[in-house]
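Look at the two complexes coming up: chain A is in both, with chain B in one and chain C in the other.
Let's look at the complex of A and B:
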């Protein structure tokens, strides 16, 4: 009996303690300028050799590449101060910045660059193909690196914006050493202080950063898987900043302590067709469907206005041409094209040809709420124009690429056009050959233009090639282009420094100029 | 011996089910690294080979079992960290959450059950019955979100998740304030109504019995009658049910930990399942199984303490 009463007393005491100390919760004001930012996904390691194109904020802050991008996504010097390119575009000579040190105090040298390029190229990683054209990379002296290429590779300077890794720590254990991925050492403006798995990663300012110490003393990336919880924590002041889903942005607008940073991205969504399926062979059908979707309505209803209608894969690129095609919503054009192509409406008002109605399933990754909502709206819009489309999201693991009919896919890069076009659209990258051309799309003009576009550094020649590419794509559209997504982030109202730039992904890339951030008061 | 057999059966089941389920650790890893975009099949094949996933299932299982026998739970497919380290990081937090939740539901069930069992008001009893029925029908995640909105958003009494503000020192007070809300959400989930019903029916059965009447006649004060003579034997069915309750509590913790960003076993397990990370998932299942076995044992011991008649039964098991 007494034991039970003791137990009850402990319970009551604990509840009282919890209640008493809970209010407020933030503890004593610390005198350092810290930013705590929450997002959903935690990477398995912080290693730029493994991660695609600046997709993780911690890796982005800890490491620096030979090059970087400015607010207009132009390549600018970083660890390399300057470089020369030979006339045949196959030899690059990089002059490295002097006096750069790793977070552990060791000097950064040309050997680190050689180690990184060779290690990634030969490592058998998903990122390895980016250096596939590198035949040799040599350190002429401590601050000079010469890269020899098999053929011109215009995307190389973009690729070299990915982080360089320290040879002195990885020479023995290998470039993908898990222990290093746990305690990374880079040359970036912030160094990793603590990583509590499942909770947060805390970074502190690196005083010896080559461009001068950053404005903030510390940045904490907090991993909060549930989007609703992130919003609550933000509004409660438990975190300072967060990545937001489009529908959450409105909930922050009234909060005087917060400010929304909305950036455009090159991250687009489109409906891919399985071209192995004969029913999708006629380009006219795909053209008609491109006129049948109301992109503004999709941006409004699914993205709450945080996006822009997409006309093709290069809308965010300097190579974008306006005159290729205008696929604005136009039911009249749908009727015209379909009738001309020999289709007619059947008893249920669905287009059909030779007794075969245009009827197919549109699927996407069910885990992605925005994609799942988008296929519902797209299917409804297409049904209104006589295409019998059923929306059916599927779990990632259950997506059968070879067997599906159509899929809401996403690609896009604000960096070199080649890196996000060749894989998805060149016929040599077809699904059956192990590539990223999941719809097995094949068009000779497109192939030729993509090859011309990656074959030279000459801006004018490349512009002509990608103009040809966009016109060929307009004639024979592989996708129904839908929208580009905006990246929506909330930050403290008194944080200065975040600068708009077209990002590569709606969820990542926000920290691109974090060294310039600071609190205004 | 039993534990070893349970380990083998559970682990074989885990490997088999994971192998039968669609999904591929190599693809999951690469898609995570590419921001959710699909990854070329050629890269997935290369990654599979690098992770040693090309070996047939029986061989992978044999390798894993060989490690376990040597006391090595293996390394995660996703991040290469030793599984034992990840379990050691996560388990204490889940145990803390489960312990506080158990305490809450225990105290709550005894109070509510005692009131319902002793009250002569049919209306009150029916109201409690209805409330328990409703609580039992609310899915765990709905209850958790309700808790969040009421106590964290509206009232602002408790922080909404995690273990405290990252980087700040973790004190008993911050941990207590952060554990309260998830523990509340967990404590008053599905099994709470069952606990209350068990206490209530136990108390009701005992309160009419001869020894209670005898105590009242002897002039023992009412509060002492209620605790010593009614509550103690009334708790027997409740204690006997404790092990099952803990199993349900742990199942509930899986959803609760995700919502409250609690770095425990549930979150580890869900992330391992999403990433097809066999070694981590198998370890989570095994350790969860061991905790349930331990809770059952504890329930038996408490039952034996409360009811001398059960002692021989408990020993005989």
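Let's look at the complex of A and C:
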């Protein structure tokens, strides 16, 4: 029997080795400029129609949209060379770039744009509401597209940075064709060669890319969910570059073959409250808690310094107003606000009102190590200020949005402000209505400001609307704002091209200018 | 493949089923050293048990309380004898409270395993043939599977909680106990004193309770000690893989999980301390198990 078990053990070990080799076999080949980059999350399909602007690296490299973003996240031309907007802001005329081809050699035309916009709008996807205001989209000729809108939609140019899809491949099977998601064909600088699920995706340079062939010959995206494994592989040379967790950055700093690229992101963390729960109804309580957390300490301990304190959802946006609110760690303010609101400390030094102590559970996704660590620190800080908070991380599948008390959530976009504000904070998007306002937060002033902000292209009017929005949030904070995260990536020391830009969730967007990357020696 | 595991526990073979993995590393002290080793092991376990039992009195800190002014301190720092983790939680406090979860799971799971295993073994030994076949074949089938896979599947389906972990351990560990109990009782069944008991008019149930189970206990006791070690190890493994106890409840396995991302970042002690506690406990348990085994072998049976 002992031998029998030993055989099992050997078998298991061998199969583990075999899979290890398969993953390692994707490494760079000689005399080719390749880059192997490891990260944790693997998407279910490479199809930009199914995701919002937070694109995974493969989708980002394979596809191109009508517009793109520059290093300051301003909209710049891509597949569209130029566009005109009518005076009533309801008609957009796009002039497409000529001579662009798909990875399979077919020409890119205005029909593809019409097909993509109509397909996403009518497809019933999570992304469909982005084009909900589009009443008609027509191809005037091969290189001219006219989009008619029901009402002004300032986020449209941002939305159009999402990849355009090929009509000639998808006209029959539909825009969400799963087979296409496996073998996508785009107009981007790299084309997908192979995708081994759970292991890696290999892309090669597309020589006919409209802006000229990219500097690298191939890029392999390796999916390694465990951060410690990524660091080991990076040090072994199995991979060239990787997305790192903050505590690992120090390990790379001394390595002469590697360089750290630390970019800010618009991805923030905050504590959401379930507003259906009467106990959280008083804005004073939520204001006080915003003064009870020491954001600098959270950044230093949980994020090892790779982050910045958050004061609201627009800190990284051009619409940010400095004077709306200044949340700093201030126990005195906590005492003052709570006492004014009629709370008293009870025998256990916990705030209470009418015999009801402020006691609740703070949860988050247990799989996310940074969030799990963050709720432990936030709970301790709040307990020290008299709020009886228990940290209780739960597996993603076990999170019951309607039943939870508070949750460490993450939102934020580096692109148009509207796309990450209307969903989480407008009362019409409440959880019960199927929206992403998971805390069912409702405030009339916030609603009005959000509607004004998305109703015009006029920068000054929008700025005023979002200033009102931020002041309304300061009066009635939906969250305890915590921190913005920095994205930490390690790349080969001799890789040139990566350029700083405020990135999206999970540090997505790191490959935004991948066509300009190359090795210097 | 199906016959493989049963061969060594056929009728009459009374030796305990040998454990695997880390548990297989038995310490066999030569000659008279056995007693000293045994008492050392007992001492270690008593100490661990006391630490777990009296955890709230041995430390005044909260195992969940973070301290952002005292993160990643090395062992020996004043106020933090074992240092702190990356969030400033005191490792000494977390180890004490972790011992509570780990030892509790170990003892409870082992107790369930042994009681259920003995019961199923007795049923198989004295029940109808179809029941015997059903129990032994189920045990064979489970023994043929890598148990960690079964435990992982269970934990993944039922979610992480203390009771899930205990059940997952019991479901995957009862087989050796049942097979040994069955073999022992079948051998006893043919002994004159058992036949005499039947002829005196005792029912089958009475014979099982008064004669078969008590006389089969010595070899089962030896396995029981191993089962404790197995249970502690499985709890640590499941927790390490994120499927054991909830992540904010300290256990030795959870402490290892927390420390995993720091494996290469110089804070070796966050990994070494819980790992050492697990190894020391398992070795102590194994020394005791080996001692029980030898004791039983040399002194023979009495009835």
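Operating definition for what follows: the second predicted complex is superposed on the first by the 490 of 521 C-alpha atoms of A that agree within 3 Å, B and C clash if a C-alpha of one lies under 4 Å from a C-alpha of the other, contacts with A are read in each partner's own complex, and residues count from 1 in each chain.
Basically, a contact is a pair of C-beta atoms (placed from the backbone, for glycine too) under 8 Å apart; a residue touches a chain by one contact, two chains touch by 3 or more.
Since this is a predicted model, take the numbers as computed values, not measurements.
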Touching partner for A:232 - first (chain B), second (chain C), both, neither: both
First (chain B), second (chain C), both or neither touched by A:366: second
Chain B versus chain C as contact partner of A:151, first or second or both or neither: neither
When both partners are placed on the shared chain, which of chain B and chain C touches more of chain A: B
First (chain B), second (chain C), both or neither touched by A:41: first
Partner chain in contact with A:251 - chain B first, chain C second, else both or neither: second
First (chain B), second (chain C), both or neither touched by A:294: second
Touched partner set for A:379, first chain B, second chain C, both or neither: second
Touching partner for A:398 - first (chain B), second (chain C), both, neither: both
Touched partner set for A:409, first chain B, second chain C, both or neither: first
Overlapping contact positions on chain A, where the chain C interface meets the chain B interface: 1, 4-5, 8, 12, 228, 232, 235, 395, 398
Chain A residues within the chain B interface of the complex: 1, 4-5, 7-8, 10-12, 14-15, 17-19, 21-23, 25-27, 30, 34, 36, 41, 43-45, 50-52, 55, 124, 126, 178, 181-182, 194, 196-200, 202, 218, 220, 222-226, 228-229, 232-233, 235-236, 238, 365, 368, 395-398, 401, 409-411, 423, 429, 431, 433-436, 438, 505, 507-508
Of all residues in chain A, those that touch chain C in their complex: 1-2, 4-5, 8, 12, 227-228, 231-232, 235, 245, 247-248, 250-251, 294, 297-298, 300-302, 366-367, 369, 372-373, 376-377, 379-381, 383, 391-393, 395, 398
Chain B - residues contacting chain A, complex: 21-24, 28-43, 45-47, 50, 75-76, 78-81, 86, 89-90, 100, 103-104, 106-107, 110, 145, 148, 152-153, 156-163, 165-168, 173-174, 176-177, 179-180, 224, 227-228, 231-232, 258-261, 263, 267-268, 271, 276
Residue ranges of chain C touching chain A (in the complex, touch as defined): 4-5, 7-8, 17-18, 20, 64-69, 71, 86-89, 146, 159-160, 242, 246-248, 260-265
